[in-house]
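Please read the structure below before turning to the comments.
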Amino acid sequence: AGALAAYCLMLGDDALVYANRLSEWASNAPDLEEDIALANTALDLLGQARLLLARAALADPGVVPQLPDGSPVPGDDALAFFRDDADFRNVRLVEPDNGDFAVTIVRLFLFATYRLALLDRLRLSSDRVLAAIAAKGVKEVTYHRDYAARWLVTLAKGTDESRRRTESAVRVVLPYWAELFDDHPIEVLMADQGVGVLPSSLRDEADDIVAQVFSAAELVRPEARRVGSVNGGTGRDGRHTEALSLMLAEMQSVARAHPAGQW
Amino acid sequence: AGALAAYCLMLGDDALVYANRLSEWASNAPDLEEDIALANTALDLLGQARLLLARAALADPGVVPQLPDGSPVPGDDALAFFRDDADFRNVRLVEPDNGDFAVTIVRLFLFATYRLALLDRLRLSSDRVLAAIAAKGVKEVTYHRDYAARWLVTLAKGTDESRRRTESAVRVVLPYWAELFDDHPIEVLMADQGVGVLPSSLRDEADDIVAQVFSAAELVRPEARRVGSVNGGTGRDGRHTEALSLMLAEMQSVARAHPAGQW
Amino acid sequence: MTLVEDTMLEGHFNAVIEANDRIEPRDWMPEKYRATLVRQIAQHAHSEIIGMQPEGNWITRAPSLRRKAILLAKVQDEAGHGLYLYSACETLGVSRLELTELLLAGKQKYSSIFNYPTLSYTDVGTIGWLVDGAAICNQVPLCRTSFGPYGRAMIRICKEESFHQRQGFELLSTMMRGTDEQRAMVQESVDRFWWPALMMFGPPDDDSPNTAQSMAWGIKRDTNDELRQKFVDMTVPQAEALGVTLPDPHLAWNAERGHYDFGSPDWAEFKAVVTGEGPCNAERLAHRQRAHDEGAWVREAATAYAEKGVSA
Amino acid sequence: MTLVEDTMLEGHFNAVIEANDRIEPRDWMPEKYRATLVRQIAQHAHSEIIGMQPEGNWITRAPSLRRKAILLAKVQDEAGHGLYLYSACETLGVSRLELTELLLAGKQKYSSIFNYPTLSYTDVGTIGWLVDGAAICNQVPLCRTSFGPYGRAMIRICKEESFHQRQGFELLSTMMRGTDEQRAMVQESVDRFWWPALMMFGPPDDDSPNTAQSMAWGIKRDTNDELRQKFVDMTVPQAEALGVTLPDPHLAWNAERGHYDFGSPDWAEFKAVVTGEGPCNAERLAHRQRAHDEGAWVREAATAYAEKGVSA
């Protein structure tokens, strides 16, 4: 149960942190249609996060931070708002500032490519809740990936300026890609039990999609580089970028100021 | 005692909030010399804030937020890190994002002009602690004002680009100027008692300095506009800009996560 | 066009208006009718877009996942409303880009309420309850407005607005069942927004010179003061249900009139805010300008790519 | 210059080095000596400037006013150190701007330690204690380095560094007297920084080809491994006093050697970090590039204004 909860936190935190980041685009996007599309994406991921954090809390109440007696905060909210950054289990890809629209699109494309491959297989999970979450998520993330891929091609083939920015965005975001396919012991265990998916097993399929879209965009994939680990660990171990604690300071500020609050 | 504490919070919060904002320049300034100078300014103001918040806590312990029994947090820190934004009493001028270097310089020039006029008179305060804080502060803020004035002239008369940015910065910052000279009931009371200084009595002197430096910079002072009040109140009433609560969410995050912490 | 044709067209226009029927984009209409509509619809569209900012300010800080989703969806809806309304305006021959530039140049307005800051998360609830409540009072009659595309956009918008209003009320009433601190936050927020909400209906009738013509044309259906009264009458019982005090000592039921009496907003403040001296006017426009400028290269890229597609 | 003069100059240079005396900027020096110095001083200057970022990250979040002032002053000192060192480099004929551009182009390095993130406020203390501690071990011998301006800069810098180290240690020891949570934070932070701190002395001697020449020239005074041993010997008792465990199972006093034995850092990680694959390399350079770019118009304005002053 502990391993299942830990696994749900990994997938849930990916969605939560990224949703929060994407939601910063609200009222800031290049056009109204993009404002709406990015909010939609954030909403879909937020929905996935809620289900996954709730599943984690149910699987192992021990992972939920302790709040004062009688606190009305439900498990998923306690996990989102009362854990410190070192207890988050998301990959580092989803943490950094949005950057410009090109960085956002490249990151969304890579994230959705990974997550779609993952959810597609997770539909067969022996955990029926996870299987159901995955089935719903596949539809959503398919749309996210298509949206980002379309924009990636548009930006790469639009103007000189947009191409320059897109190439630069690829150099900024791609080093976070390899981490998505590392096999964490929890993921290995869950895959062995038929509950989860082994990330490394998704790599070829995901790289293939990237190659197809990069080819359509006439983008050359730069040489592999990966963001180094910290004390042997990465996001799944709670070792994050400097961006995460800043994001959480803001995100958790109101909830933490009112631990007994009703919302 | 309550009024003295409230008055010290006003002057202390001006210094604290502005010091925190200016400290964001660290490692971001246009050149090393400016990085050092802005850090120095922030350090001076932080020093003034500590003395003023400590004076407030001493004058009326009732203003200090209650912390759990046995908390080792001293009064000035409790005031800085455990008050909500609506309990801060600083003017709104010091809250907004730093903007570019021109906005920073214009804001620093206006703030230092006001504060120097204020501290200069506060040296005669019947409260000996306040008088001593003011005497020390006058030297510091004299330097801040000169520094900002020199840069203001440099930027206004440098390149076309720097002039354009300077003129734009004046339009952004100047609307917050009038609020500095509003007489809050607490300030009226403290001035009557010979403890404080009546802000409106500083206006002519301060406007005069602005006129001199603008003239040296060949800048035209735009028509007066002032940022409106909120429900009849401004910064001194705890009615702030949207920037303040975001700043405090970050500034207070570590302290609040460890209310029993020793630092 | 001959004078006869002209007169016939005007006759048709007047007949449609008379019959409370809809004018459609291809119909003839007086220039001033068109100009008044463009101004009003554009102002409405701008209000939706600028209105995303004060609430958007709290998306990243919403204190529960459910509330975060609700708030994000609401801000998204506002973008959608902006879209419909700009589209309605485009049927009158003015593009979204032109309207945006008029907004940024300060030549078209948006609702003065959005020049007030959101100082706590509670303001999200208060805006839903009071500001969307006032908007609904303004907008429900506009569903019957004489210009077709505007009226139809309003029908869709009103449905969502009343959903938002209920969500706002529900947030406040949940908070009122929470801690003492939360109840104090609700009261403080309502204190700040009550008067600005009353100002949303515009100046008193005797200071509102355009109202008569707009009503004659069926663009407007009620006067400012009528709408304001309707809003007060609707809101006072809700405030009682909520357990908050509306900050107006003159507020009292008048059995004779069958309405609530209430005090007069600070019209000097209203004028100051409308002419640019509100607490957030400069920030709101600067925010929009920045987003517009930073998005320029993306819009250009999309245009360039689309043109390549056509020529390829 | 004749061959005789050349030989005389080289003789003078060698005599100065031999006597452990100082070479000054106007003295003749071999090209490779100059190039080695520029590379080393520049790398040191860049380390001070890049090193402002990981600690600067916590200035706005320092949990007490006193700690905020200490941290801000420390980051400011680092900018000052950068200034001295760039000045020392300028005596060798390379400008601060040129050096900055070499840094940004990835052609000059900075200390690999700053490519690790600061993940909690505690890291400010750990960096003071371990990173500044390691820097002092590296730098104290450099006060006697053969090039005058560098040696004199180092004397000033070392004084401040040891002040910073004491402040770092004091923060950690205060936290160790605090809550259980705080003690856990200190241990976690030390776990992350211990091995990277050991890597600060560079690769093992048998993998450090330039050391011999640098020592012969009196630029360097000790080998990497000697300095690393000195650091470990100095730090272990401090860790004991603090009550933290250093994360090395091989750490043990060796009475025979009169030194602590210790494990080997992960040199593969070190190489990856040096070649750009640390956790923060890209962010650190991007941050510096952004500040440099955003400051360009200010520097240009200052130059233009100064020129006007001269011509007026």
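We call the chains A, B, C and D, going by the order they appear; numbering starts again at 1 in every chain.
Assume a contact is a pair of C-beta atoms (placed from the backbone, for glycine too) under 8 Å apart; a residue touches a chain by one contact, two chains touch by 3 or more.
The chain lineup, named per UniProt: C, D = Ring-1,2-phenylacetyl-CoA epoxidase subunit PaaA.
Keep in mind the model is a prediction, meaning the values are calculated, not measured.
Subunit C has its Cα centroid 36 Å from the Cα centroid of subunit B.
Distance between chain centres (mean CA atoms), subunit C to subunit D: 58 Å.
Chain centres here are Cα averages; for subunit A and subunit B they lie 40 Å apart. In subunit B, the residues touching two or more other chains are 245, 249-250, 253. Shown for subunit C are the residues that touch two or more other chains, namely 61.
Judged by the touch criterion defined above, the protein chains form a pattern that is neither an open path, a ring nor a star, and not fully connected either.
Screening every pair of chains for touch gives A-B, A-C, A-D, B-C, B-D.
Chain contact summary for the complex, subunit B toward subunit A: residues 84, 245-246, 249-250, 253, 256-257.
Those residues of subunit B that touch subunit C in the shared complex are 85-86, 96, 172, 175, 225-231, 239-242, 245, 249.
Subunit A contributes residues 16, 20, 23-24, 26-36, 39-40, 42-43, 46-47, 49-50, 53, 72-74, 76-77, 80-81, 100-101, 153-155, 157-159, 161-162, 165, 247, 250-251, 253-255, 258, 260-263 to its touches with subunit C in the complex. Touching subunit B in their complex are the following residues of subunit C: 54, 57, 61, 115-120, 188, 191-192, 195, 269, 272-273, 276-283, 286.
Those residues of subunit D whose C-beta lies close enough to touch subunit B in the complex are 49, 52-53, 56, 58-69, 72-73, 75-76, 79-80, 82-83, 86, 96, 121, 171, 174-175, 177-179, 181-182, 287, 291, 294-305, 308.
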